[in-house]
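Notes follow once the structure below has been shown.
To keep things simple, chains are lettered A, B, C, D, E and F as they appear, and every chain counts its residues starting from 1.
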Amino acid sequence: MHEIGVVYRNVERAERSVAEELAAYGSATTHEAMGRIGTMKPYLRPIYAGASASGTAVTVLLQPGDNWMLHVAAEQIEPGDIVVAAVTSDCTDGFFGDLLAASFKARGARGLVIDGGCRDVRSLTEMGFPVWSRAVNPKGTAKAVLGSVNVPVVCAGTLVHPGDVIVADDDGVVCVPRALARRTLEAAARRESNERTKREKLASGALGLDMYGMREALSAAGLRYVER
Amino acid sequence: MHEIGVVYRNVERAERSVAEELAAYGSATTHEAMGRIGTMKPYLRPIYAGASASGTAVTVLLQPGDNWMLHVAAEQIEPGDIVVAAVTSDCTDGFFGDLLAASFKARGARGLVIDGGCRDVRSLTEMGFPVWSRAVNPKGTAKAVLGSVNVPVVCAGTLVHPGDVIVADDDGVVCVPRALARRTLEAAARRESNERTKREKLASGALGLDMYGMREALSAAGLRYVER
Amino acid sequence: MHEIGVVYRNVERAERSVAEELAAYGSATTHEAMGRIGTMKPYLRPIYAGASASGTAVTVLLQPGDNWMLHVAAEQIEPGDIVVAAVTSDCTDGFFGDLLAASFKARGARGLVIDGGCRDVRSLTEMGFPVWSRAVNPKGTAKAVLGSVNVPVVCAGTLVHPGDVIVADDDGVVCVPRALARRTLEAAARRESNERTKREKLASGALGLDMYGMREALSAAGLRYVER
Amino acid sequence: MHEIGVVYRNVERAERSVAEELAAYGSATTHEAMGRIGTMKPYLRPIYAGASASGTAVTVLLQPGDNWMLHVAAEQIEPGDIVVAAVTSDCTDGFFGDLLAASFKARGARGLVIDGGCRDVRSLTEMGFPVWSRAVNPKGTAKAVLGSVNVPVVCAGTLVHPGDVIVADDDGVVCVPRALARRTLEAAARRESNERTKREKLASGALGLDMYGMREALSAAGLRYVER
Amino acid sequence: MHEIGVVYRNVERAERSVAEELAAYGSATTHEAMGRIGTMKPYLRPIYAGASASGTAVTVLLQPGDNWMLHVAAEQIEPGDIVVAAVTSDCTDGFFGDLLAASFKARGARGLVIDGGCRDVRSLTEMGFPVWSRAVNPKGTAKAVLGSVNVPVVCAGTLVHPGDVIVADDDGVVCVPRALARRTLEAAARRESNERTKREKLASGALGLDMYGMREALSAAGLRYVER
Amino acid sequence: MHEIGVVYRNVERAERSVAEELAAYGSATTHEAMGRIGTMKPYLRPIYAGASASGTAVTVLLQPGDNWMLHVAAEQIEPGDIVVAAVTSDCTDGFFGDLLAASFKARGARGLVIDGGCRDVRSLTEMGFPVWSRAVNPKGTAKAVLGSVNVPVVCAGTLVHPGDVIVADDDGVVCVPRALARRTLEAAARRESNERTKREKLASGALGLDMYGMREALSAAGLRYVER
């Protein structure tokens, strides 16, 4: 993994319908459904409020200050993909802007997750092309050093293989490994239906202490109540 | 202070009316009225633009990666309270989401200030439940290690006692010790009426240099004017 | 440079019309037109979405925790200026709020770029006075230690001379040295017209790989395509 | 608390002998003996390897970029004290150098803990005057704005009252509230004697899994062993 | 991958002799020999100057504020291993100290790489047990929440599989995938012998511009020389 | 300024003797002698304790992840120079190692100040070639994108012109503009002789409050003394 100078083609993707259905549950429920794993670090933020996207990952490994491989990646995009770009070292340059977005969108991409900077956020917002990035930065990049496309990458602390499912929204970004996608969707559905009931009870004044039966465990752990 | 494993009940609160009136002056004026102290560090940000809340503090001391005590705190909330959650070490996990928000809101809480992460921000925004947090993060937490409720805590660099007044808005969060609440309100009212006049003068072109009589002090300090 | 205790008056400014026209191209295109330089670090963010401003720089050198010099700077503002405030050491205090904004606006300022904190963001938003700052913070400042006005300053990593052109928008902030302003405007115009065509081609499905003729260079650099 | 412009004199201190004995146990054991609380954030680092100090706290509240109050604090130092300096906002200026160190040492201070910067580290190392700081920085400070001495302060995230015990070493800094000092010393002694035996067993190859009897709890929590 | 609650036993390791020989080349040469990949982020620092270690990875996935799995990992250590500990979210607590070090050392571990905090650094230095950590911190941790042992982990931005080779020294930490270990060793040997000659030439005054034949490429790229 | 793709030759340097004499006063005294300006941000740290250097600046503007221009700079070094390297965006890659150090040393360089990463720190320490960097990092860089040599640069927040004097030691790095070098040396000498007397007085127990005559100003500012 982490090969430099390679583009893998015809990558096997998770089922697109699974990716789409997971979007409805959101990043928080999805990561809980996987066993509370898979979230990218919270410094990745959407460039506009209300951004939401899911898809199958086309991965890109960039070099700092260089966005050449994003152009190479464009050709590998299939409708329903989401591009996930890592950088070999921390860099907040504006690797991505409205020209690449026009290209990615034309190829069918649902959005971009990039462990670097993004620019042209007003145009991207008008286009409705969502990006999750670690910075917004007008500074542009060179096209001089090779990286790779569709190799496994570590993006914002999380391993992503090409073809994995990405769920991104206001809360952040989660990666679901391809092999776990269907099972995660089922678990998310169960969890969500379960939460709906709980939400209603809590909203009507019930306490989690009672609803989850926590009082005994808290007491066993030594929690003391003291009157002031 | 900083006891672990204790919940203090029936904490004495500042007068709620004072908390409510301070909200109208905002966090900046409130902290000036106290003598320019009491602000939490600016990495705490509201999860949506326009968020505004004030109330009396129910304090929570959490352990990293663990939100058990938020459930314990829910029972201690009285209408008009605002929950202030500190963590024993820096952690950006999503300790709080829409289920807890439903519960807190049902108990009468006005909002949450948390020196950690928050999730479900879209739902929280729709519910109108304001949160000031150091991160937005889908990652969930365990319920396994005791902290405390209603002990003094240090939240985002500022000491908060249970019952203190919290004023939070677009600018950030300020804590007013209970014993200073009334006096601070009076000082805020004086300051605000004073500022209104100044604002008008400045808006019509007067210079602060003249209005505040700064020229002499600047000259005494050695300020020189040079023509280019 | 970096003299302490001096105010330079009657600073020579770039042509205001150039500053205004550059605003239409935005910060990203402007910095590309200069040869991909001049951007401030991306931790400077606008206090509200959609903020946009350009103008000629009145520079201010502040001391940490002290905004005295912003009052001194107000007198040096001419219509069409934008104030650029640096601090002698990193500080996120709320140096600037609605009173100073009322004064700056009355003098004709188009906005503020400050390598420190800002407060009263709700009022500033209502006034439509845009600020790019490294923090939003209710904490106020003293007026006790001299800095300077209209000396060259380093703001968010970028050198700014008084009279330089500043272009600031959603993407960030760029400084164009006065002597390069006209030439940069011409280059921006050429670049923008060039980009319009490209954007259309890419939006209709053309690949940058072909449009920019990158395939040969990528191959020469050793890029390999592998079927999965 | 957090009053500005006040110096409290004749503060009651913890017993100095307790402070001295705690130093032998170190910061890690001391904070465990308190119930795993009281550590300052780990960005505070000693200016030289092997630094170690303990004492009773003289507290100082500084303003950003201003070290006036350190001069005021010098007069309040008694032999066996350690100075703990907080700043009203984050600032890495070099507030403290060899002149103040000469003064503090002459008054009997054992060291300095400062939530800001320090300079003259070569001289301080030669003098054997230990400092725990958040930065080393040649930049000096003004003497223009009042803070306070011997008020409660929040230093690196931890509340410190004047007279509390401070234990600082290679690992970091811990504050033991005065009222808990003796009890903490006793608990530290017990813990240390307990650890000595454990350390020997572990060093001879015993597993913590067995020594602490963890296997059952791990299994109950669901830990599975899988052969590769 | 990233399973929670699993311990893989009898993991296949890279050849230990390869791990040992790579140590002599150091982390910088090793990562160059792999194609300039595999370095962990530079916030990982050795706890003492001169620290150096290599070995085969036993991986640990910790939860924030919890070191239970380090005890579980101890049993899986074989002589020549180096423990690599990731945390499911950023946390600087002191997960590791001298008791665990005694145990790890007794089992044959060569060191620890941890994307979290470490304590007891004086004892660890005396024991000669090297640790690369993101913080030094006296704060201890709980033993309450399951993680995993010998699953693939992302540590300081780099993917590590159990059995991979780790090379760590003053410069930082590099991970060499097991399958690439022998090939990397051979490339490192070639590179090193190559560099020795270059170093001598440069030390005697030769210019890299000439030695590497860079002048033509620089000129072709447009570099201009201007006399002042 | 900030031109890309240019090397200025035969730059006018400050007098070398002045640079050498300033080293004896150190970075803290030098910056005070200039009027408390000119310090680089404190994230720049020496790679070994006790590092000290001064010289005249050869400046380099690097691109992120690319050290080509350091090779170009080597040719411009004259004995007594110190190389100051800025990067067009934040990057912690290991731009500099022992090969370049051998070359720089052979050309007469006294050290390197780099707003990026450095590697081979053990070899550099053995060679006695001091480096002040923002990171230590084994990760290497490409040689593909042009920057510049001997243009004005902003390094760690401070403007440096080629030929300026750099003073670097344990405390950090200061830049003295060429035109101010002699005057700064004289002021440093006066300050140092002045400080020697003060240091002795303070070491014998005198208080700064009395020695500097601060009591009156403190009282006028409103400082109150309160008995506990």
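Convention: a contact is a pair of C-beta atoms (placed from the backbone, for glycine too) under 8 Å apart; a residue touches a chain by one contact, two chains touch by 3 or more.
Predicted model, so just to flag it, every value in this text is computed and none were measured.
Under the contact definition stated at the top, the chains bordering both chain A and chain C are B, F.
For the touching copies chain A and chain F, the fraction of interface residue numbers used by both exceeds half; the interface is of the same-residue type. Comparing chain pairs B-E and C-F, the larger number of C-beta contacts belongs to B-E. For this pair, chain D with chain E, the centres built from the Cα atoms lie 31 Å apart.
The centroid of the Cα atoms in chain A and the matching centroid in chain E are 27 Å apart.
Centre to centre, using the average C-alpha position, chain A and chain D are separated by 40 Å. Among the residues of chain F, those touching two or more other chains are numbered 36, 88, 90, 92, 137, 139.
Pairs of chains meeting the touch criterion: A-B, A-C, A-E, A-F, B-C, B-D, B-E, C-D, C-F, D-E, D-F, E-F. Across the interface of their complex, chain C is touched by residues 5-12, 48, 68, 71-72, 74-75, 92, 94, 97-100, 102-103, 105-107, 117, 119-122, 135-140, 143, 146, 150 of chain A. For chain C in complex with chain A, the residues that touch the partner chain are 26-28, 30-32, 36, 39, 42, 45, 49-50, 169-174, 195, 198-199, 202-209, 212, 214, 218, 221-228. Residues of chain C that touch chain D in their complex: 63-66, 88-93, 137, 139, 142, 144-145. Only residues 1-4, 35-38, 41, 88, 90, 152, 154, 157-159, 177 of chain A touch chain E when the two sit together in their complex.
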